[in-house]
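In the two assemblies presented below, chain A is common to both, partnered first by chain B and then by chain C.
Moving on to the complex of A and B:
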């Protein structure tokens, strides 16, 4: 219901106008984010558990800003940041009794909610969860359900809430939407959600098979040459804002101790890839292997964060 | 084999071979290896002498240093606990939320750790990260209670489970009042909503209560009797100032004797 008595601002946020001439000119090319990392280099991850005292478990995760974003922050040329870096907070409430209406369950009942803060993305999000947020919640639940030992917690529920404070972009903000455009940023967000939720569950002392971590890999078509014959390259931990065209991307939830994947989400065309000599993998296999490698990298951070909070808890008491 | 047990474990960390050790709480077995399933200090419970059993590897849920240093002999004889939920036979502290003719509804505040002594410091109880001392001593507030009670496990004390003797003469209104703290033992996991508790044992019953005017009521020791017409137990005399004169209500279901005792005292004072 609109308020008709006052002159209200626009319902969404507004952005300063950007003219196509700026983007095409030399200055525009400077603004464009470029990947500075090696294809197998991952971004640094900040992860800390136990920051929310009222929750039984919690964690905060942050990705290292890309080089162009860090440069733009220290020396701003434009009002618009060239890319964004993932920031999210995860809380775990429970084990707590099931609601009265719920039937008896001999297992732990897992509920996941993923919500973008209104200011998290370039386009403002509403307060009601939209379909993409519900989608992320379902993916996160699948990823965690395979890792939690649910039969040890009968008759109880576990609520996992992830609040995304800063989301990844789906593409560079200056690009016009085109055909092979998809919500690539969501996949990075999901990988972050999985790692953060896993740390929060460990913080809440819920039994798990392993610390499940999320990783993203993508097949990126060559930026410099526009020839369509060039095969897409495999990149780990892609920031979609840094690439002109992502052909396909894959996110996995992976448990290194058991070498098991609990969640696999693949988008796009993964049929072709340029691999090293002697590498006989198909594009599909290379993509999944790359995502698993990225998840292994995230797992080292995850394990260190959980161990650190454990040592801190032991030291305090 | 026994050399490589880590002192701290995180979920998914391999602790040892299942051929050498038995898997205790906080661990799971995968392909004949024991892995940790929670983060915590690893504790090796030695095998019982003159049995065939293996030493048990477990990961402690309690992080306080005092609980770790305490010998694990108590836990060896009790059943291993895989979670902090109320289980059958666990002792819980609960607050009465509603009293009906046939049953009393309570919400479980804390599951007491069986490994610690019964009168050990309540703050060590591991199930809840709330401040238990403050939960227990805070006055029952019916107005804002609904929100926190939804986060706690609900339980029911049926009329026949209140005490062991004279079960048919139990009057629930005289046994419990809303806000009383009850020490109970879990009979069963119950139905979809509530657990079932019993107080039909000498060490169970109302342990903390407030009178109608809001002052604390202290339960009388079970062994003491109000002998004669005016002689009161020494405990009672000690607390007389704090309690005031007319503030004892007959809701102590601590045991049949205590219930029987209370009306006597009422008439005395």
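Moving on to the complex of A and C:
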């Protein structure tokens, strides 16, 4: 356990601070983060390419902080942040020759690494990649593999590294995990990773079929009345901290030009949904459509960022 | 060497290579041509990146932008970017294996030393012991973020990352930047009657015994410590990682707020208040600024390949020969770092108006003499005065400089690689 290549903390281990206000039940209910956006409104995305000159392509992505977080930042009262906003940096190194020992490959060999910074989440992350980080890496690789025209670079490799500086929460911090709880925040992180990686690949001038962008939609049962008859509603670009209960969520990687989905990840129970009259879609169809709509929104930001990066490159040469 | 410089200036014309390609093919000649322009062209000596030899890159810092940290900072030093997040966690004294033992020996020591030496000495020693022996500061730097092509992501920390982490750790210890008092969580046991005290657990009883002869009232005891996990992610690496990392650590620590914490007897644990108004900033000792330099030699290979037995005369001859053929470059970027062997590294601080060298490191060669070193100290000190380091700008006032243990503040060591050299001394 003792990692001799790093500076280790006290051998007995440390405990995260426990806030006294959390021990009293029902605190924070009044300051609970609430979604201020319409169900179809997306958060603003900040995306910039070319910040890391030593990499062949790079990008930095940040989600707009939620209303509650922005309020907490401008007028801090509590040390417990109400929610968090995704911040990540992505670098692309390559295409570069494969090492001599590697077997022949007629296509570009894509490797993706996703790593949370130790301070990215509410709970301190370890230095070694855990299973969720490896999982994200595999999902990201699938999403990008469908977009890159890999046969143009035989015998070469492409390294994509995503560093997550701040991740989304899985639920509101005051809630205890319940039965149908999952790592919903990871899905938002994946959507951000896909969009950022896509921008970085474009920044590295690697041929793609289209800019692939990520989008998240979720079925949310937010009613405080707690009537069992109430069906979950479809929301786009959900921040899990702002919702009482997410029933199911879906993340897609989508290429608008070809109307193609390269990656689809659906979690939870999507059997029930409250749709508009005359809408005959089933739950998971509505969910996927919603995620595609969110991805289309992210695509506009992505296209703008890539245009900026291209103009910068043209201005330089 | 004149031949090399003329070749360097002539080459772009005759071969008609664009400068960027020439820089890649002949990096040494390229930089040399920039630094020693032909005397006819009246150009000043300038580096390939457009900076004067002693010019640092523009530094900018942004503190407190990360949500899940107690303090955070992003520092950009030119194209090198470091993100530092400080997370505080609690170390209970129950979890420290040797706590009760070390406490009693410390108490004994205090009694013995207290007569002969000053009280502040022992307090200093205890502060040092708490921070260093209990590992209360845990800095780790991560380079596997894709910051530069050479580092494989998800690989274990490279030799560079390990050495940077330990340099930061030792600098945190020697500068005694963080005060141990800020990290202690005290508990004042209520003044119970003797028969009630009997019912309390043994631990408290022991502490009571240890402190019995000092005061009549129950002494306050340390129940826990804050441990600061200082994690630095180097997002972009374009030379001089240490200066960027250290600046980000400094800025993040200045931004760090620790919640008010107390020992809760009913829960037998430490509780914290989430009220911002009750939280406390760390009070740091001084503002040590690190500056790195590298020495670019006109004929890098000549002196190095030959095996030289250093003696004074030869050294002198070499000095006069090399006099005009070396340039000390401040804040080297990645391109320059690849071309030099000798590096000089300073950490300076201001103490009551005087410049104090906190750390000095020099390795890789012997062209820099004590006169040069003195000049470099001046340059480093000026940098501090000029407020080039933005952490100062983040907060309105400088931290008050508390008197420092002289033994640690003037500590310096000079490393020589790969040949051992007589130490150059600072007058």
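One rule holds in what follows: the second predicted complex is superposed on the first by the 288 of 317 C-alpha atoms of A that agree within 3 Å, B and C clash if a C-alpha of one lies under 4 Å from a C-alpha of the other, contacts with A are read in each partner's own complex, and residues count from 1 in each chain.
The definition used in the following text is that a contact is a pair of C-beta atoms (placed from the backbone, for glycine too) under 8 Å apart; a residue touches a chain by one contact, two chains touch by 3 or more.
Note that the coordinates shown come from a computational prediction; the quantities given were computed from them, not determined experimentally.
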| item | value |
| --- | --- |
| Chain B versus chain C as contact partner of A:15, first or second or both or neither | second |
| Partner chain(s) touched by A:278 [first = chain B, second = chain C, both, neither] | neither |
| Partner chain in contact with A:306 - chain B first, chain C second, else both or neither | first |
| First (chain B), second (chain C), both or neither touched by A:100 | first |
| Chain A: partner with more touched residues, chain B or chain C | C |
| Shared chain A contacts, counted only where both chain B and chain C touch the same residue | 93, 96 |
| Chain A-facing residues of chain B, complex | 8, 10-14, 26, 28, 30, 35, 37-41, 61, 63-66, 82-85, 129, 150-154, 189, 191-193 |
| Interface residues, chain A side, partner chain B - complex | 56, 93, 95-100, 102-104, 149, 152-156, 202-203, 205-211, 255-258, 303, 306-307, 309-311, 313-314, 317 |
| Interface residues, chain C side, partner chain A - complex | 66-69, 72, 79, 81, 83, 85-92, 95-97, 134-136, 138-140, 142, 144-149, 153-154, 156-157, 162, 165-166, 169, 227, 229, 231, 233, 235-238, 257, 259, 261, 264, 267, 269-276, 279, 334 |
| Sites on chain A touched by chain C in the complex | 5-21, 23, 51-55, 58, 69, 76-81, 84-85, 87, 89-93, 96, 113, 115, 117-122, 124, 127, 129, 159-161, 163, 165-166 |
